[in-house]
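Just below is one structure, and these are the notes that go with it.
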Amino acid sequence: MTEPHDLTTEAPEATTGAPGAAREAAPDRYPETGAPDETGDLHGVARHVLAKGEADVVIGWEEGRRGVRPAFVTTPDDVERLVFDTRCVHNLATYLNPRRRQVAALGRPAVVIKGCDAKAVAGLLREAQLSRDQVVLIGVRCGGVLEVAELDEPADLTPETVSPRCYRCDNREPHLVDYLVGDPQAEPPRPPKTVDERVAELEDAPVAERWHFWVEEFSRCVRCYACREVCPLCICERCVADKSVPQWIDAASHPRGNLSWNLTRALHLAGRCVECGECERACPSGLPLMLLNRKLAQAVRQRFDYVAGDDPEVPAPVGDYRLDDAEEFIR
Amino acid sequence: MSTPVTGREPRPTPTIYEPSLMTVVDLVDETVDTRTLRLEFNDEGLRESFAFRAGQFGEYSAFGAGECTFCIASPPTRAGALECTFKTVGKVTAALRELNVGDTMGFRGPYGNWFPVDDWHGKNVLFVAGGIGLAPVRCVIWNVLDRRDEFGDVTIVYGARSVDDLVYKRELEEWAGRADVNMVTTVDPGGETPDWDGRVGFVPTVLGEVAPSAKDAVAVVCGPPIMIKFSFPVLADLGFADDDVFTTLEMRMKCGVGKCGRCNIGPYYVCKDGPVFSATQLKTLPPEY
Amino acid sequence: MSQERQTDAAPALFLAEGELAALVDELAAADVEVIGIVEAAAASPAAAAADVLHGRPALEYRVLPPGVTPLLGPGMPRLSLKGFFLPQTEALFGWRQHGADVGIERSAAATRPRVALGVKPCDAAALEIVDHVMNWDYADDPWNERRAATTVFSLACPVEDSSCFCAAVGLAPDTARGADGLLTPVTGGWVVEPTTEKGAAFVAAHAERFGPAAPALVAEGAERRRTAAERVRANLEIDADSVRDWIAGHFDDPELAALGVRCHGCGACAFVCPTCHCFDIVDETEGVGRGTRRRLWDTCQTGKFTVHASGHNPRDDQNARFRQRVNHKFSIYPLRFGEVLCTGCGRCSRECHAGQDLVEILGAIDVAARRPEAAVAAADGGEA
């Protein structure tokens, strides 16, 4: 069978992250903008951007009745609501998606982002869904998060509870930021099984077994499209699943419809997905969507030497046209 | 999953979602993208027994494409067949447009409420319509004209963006030729042709110029939202009470029978409580239509 | 189609733990489908990690395979029971077309007898609440057939967590509404109380499995039910009538008009909800000249739900859509059918990825509705 492509062990220096301008330029910006506390105080930075009118709303996390949840802070007096801890799993870059009119109506946003979330912001920039001067980015140094935000207290990360995608994260300190807050964090623990190991396990199984696995999994899909709605990079004004002329994807949640929806979703995100895992967490049926996303990320890495990073200047394989492309059909 | 029929016996009676089959017996192209189909029930019994009231709607099936909601555009006073008029905008209307005379389609209905035509005995009736909004109004117009002696003056103010966009052109001429109908046809400025002999101006403006009396009168208004919006104040200025002004609302629907939940506006289900609403009711609705 | 209720309270029965498997076997032998709660396979890392953190496995309703007994204990399946009555997708009918001829092929009626054992009371109650709309002037046969074919026994609920609020919407953790009987967990088994003729007939048909319930066990069950009721009342108390009228009269109130800011519009709340019943109807072709018309779950939380063919969308952003969800459940439905379209199961809050929280929202609306000026405004403008 094919050997597992563990991206992390292959040390994808070439394209991941941002070796270029953004990475070097970013640190200079902290003092320039006059952040009150360069060493990283989330409340201070949030208060600053609201008070100075750099942003109309700070999108971060707050303590809700059921754990932490996205927060929309619009006045400097209100910034104490903001928290950041291991429960802050959401990718808030999702709220920068131009489809979210109710968020856009709040005005110019500042958004609190982890390293993984910064990759989603880069995706939106890369695909011209957002321009850099429309948004203030408050980066948080991150040591990994839990898979669950709905906890009364932040919990320590253990192999069983840490989000598996945090393992060997290459962006624990985001670079695509205007402000960077928080102390440097330790590396998160290794989960009992990494996502790559799970993908490899599945790939080792015979085709019939793999097919059975996915048919079984997809049979539980209720077609709520939560995976799509929470995805920061599902940006289509009108999703192919919502189109009826022609009806590419059966709307019904029978095996044919479910298979075509789930595969289409994954394929549309190939080379774009930042593996934040929002789709999998939002799924009310617990489908292992990250296995698909990861497999496609591996394929994109292998074929195009590309990993979705947080430098918006690095073009993605989809959306990049080159005269010297290796494929003849495209020239 | 691929076939609906399992080993068990099929239901002996149709569910509320099963359409009756109808045959296209005639079709008329009203405009470049608007067509009228004349339909007859395949079932002889239904052909005899089918009854409805002016303003009710149906769910029309193009098998393989789905269902679409339109009012019945022909009057209840002309039994035996029914007509619908639709603009080709989506999957189902495109499929309905593919149908030729002799083809089979499906129909569920009649659904919803109706214009209280029976309460209008002796009253003057004013019709105000724009574009394809004439379709539901046409049903009421013919209903009234077929019972002409029950009503007072009949005035029709109808307009469209351009001469090409006027629907039911033959009937417009017929109504204009009748001595017992005051027919006013208009097109939006710029929409006229060199030989156009009707008025030029937006429907609400022309309505104000025609200024039909509100005394013992009711008004039926249907057209694009913007036309309805600007016609209501004109009617109010003319003295029409909100209780005497009626319109029919268009909402996205699927079931037509108060189940599927998508035609809610405020406390109303348009498919069951509507589609006909008085201006009084309309003013209590949240702006979600 | 409300269930016939027995007027005389029958003496309580007892189902011993050891008899459950035998009862399920007996049902299987009689070709009766048994629906019950089982542990769900947690395939995704997110689901698995969530299970670890929550300290409990994910559950689901299933048609039990042979030899499997239902879990009759605490825990709330992620999806409600509604899929067994309004499936995620079902064929309404098929058609075949040959030239101008079209033939309609009716689907089979859903008539195989079924028993649902150990249903959450909030899920069973939802069935009776949704019965109203499913029989509003037009009877929805597929729904009614499944209702008629199914005997439902609810399991008195210990109250799962702080998102449960059945008492606030006029129910209770031990309600037998929508069910044919109630099971109450006690030492060594369950106290069984049939509440309809269907339930009594079920018990009578399996008389050997049930014994008389000792008064001590009945008392134990009653005590558990009492403490559960107390617990759920502490989660949320509202005046549902005031909430209904306040919403009707305050469509543009900032409290209602800005509920959807963090909402992703994913609709997971509607899909896990026992009372959300909105659906879509679609045609699917299967090769040339044949196909199936299906209905499938749909939700008011997506833009597609209301968009007109012209492109105009009456509810164009998530604030409007979330308000519709609250409005439909707590004002439109009760004004129309006399009761709230919610059983307080709390799934929408639990499943919401963005932390939308109905307990919090209803609490806030209740406070607004109790304000003196709100009461005046509701009296003036809430008649709509």
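Going in written order, the chains are labelled A, B and C, and every chain counts its residues from 1.
Quick note on the criterion: a contact is a pair of C-beta atoms (placed from the backbone, for glycine too) under 8 Å apart; a residue touches a chain by one contact, two chains touch by 3 or more.
These figures come from a predicted structure and were not determined experimentally.
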Which chains are shared contacts of chain A and chain C? B
Considering only mean CA positions as chain centres, point out the chain farthest from chain A. B
On a C-alpha centroid basis, what's the spacing between chain A and chain C, in Å? 33
Between chain A and chain B, tell me the centre distance in angstrom, where each centre is the average of that chain's C-alpha atoms. 49
Per the centroid of Cα atoms for each chain, what is the distance between chain B and chain C, given in Å? 38
Taking each residue of chain C in turn, which ones touch at least two of the other chains? 280, 282
Residues of chain B touching at least two other chains: 1, 66, 90
Where in chain A do residues touch two or more other chains at once? 247, 254
Can you list the chain C residues touching chain A in their complex? 40, 42-47, 49-50, 52-54, 58, 78-79, 88-89, 162-163, 258, 260-268, 270-272, 280, 282, 284, 294, 296-297, 299, 302, 304, 316-319, 349-351, 353-355, 357, 359-360
Per the touch rule above, chain B residues touching chain C in the complex are 1-11, 13-19, 21, 23, 61, 63-67, 89-90, 93, 102-106, 225, 250-252, 254-255, 257-262, 264-267, 269, 272, 284-286, 288-289
Chain A-touching residues of chain B, taken from the complex the two chains share: 1, 66, 90-91, 94
Which part of chain A faces chain C closely enough to touch in the complex? 64-72, 90, 94-95, 100-103, 105-106, 146-151, 155, 160-164, 191, 195, 198, 217, 222-226, 228-230, 242, 247, 250-254, 257, 277-278, 280-290
Complex interface listing, chain C residues touching chain B: 91-95, 97, 100-102, 104-109, 111-112, 133-134, 136-142, 248, 251-252, 277-283, 285-286, 291-293, 295, 298, 300, 305-310, 312, 314-315, 320, 324, 327-328, 331-332, 335-336, 384
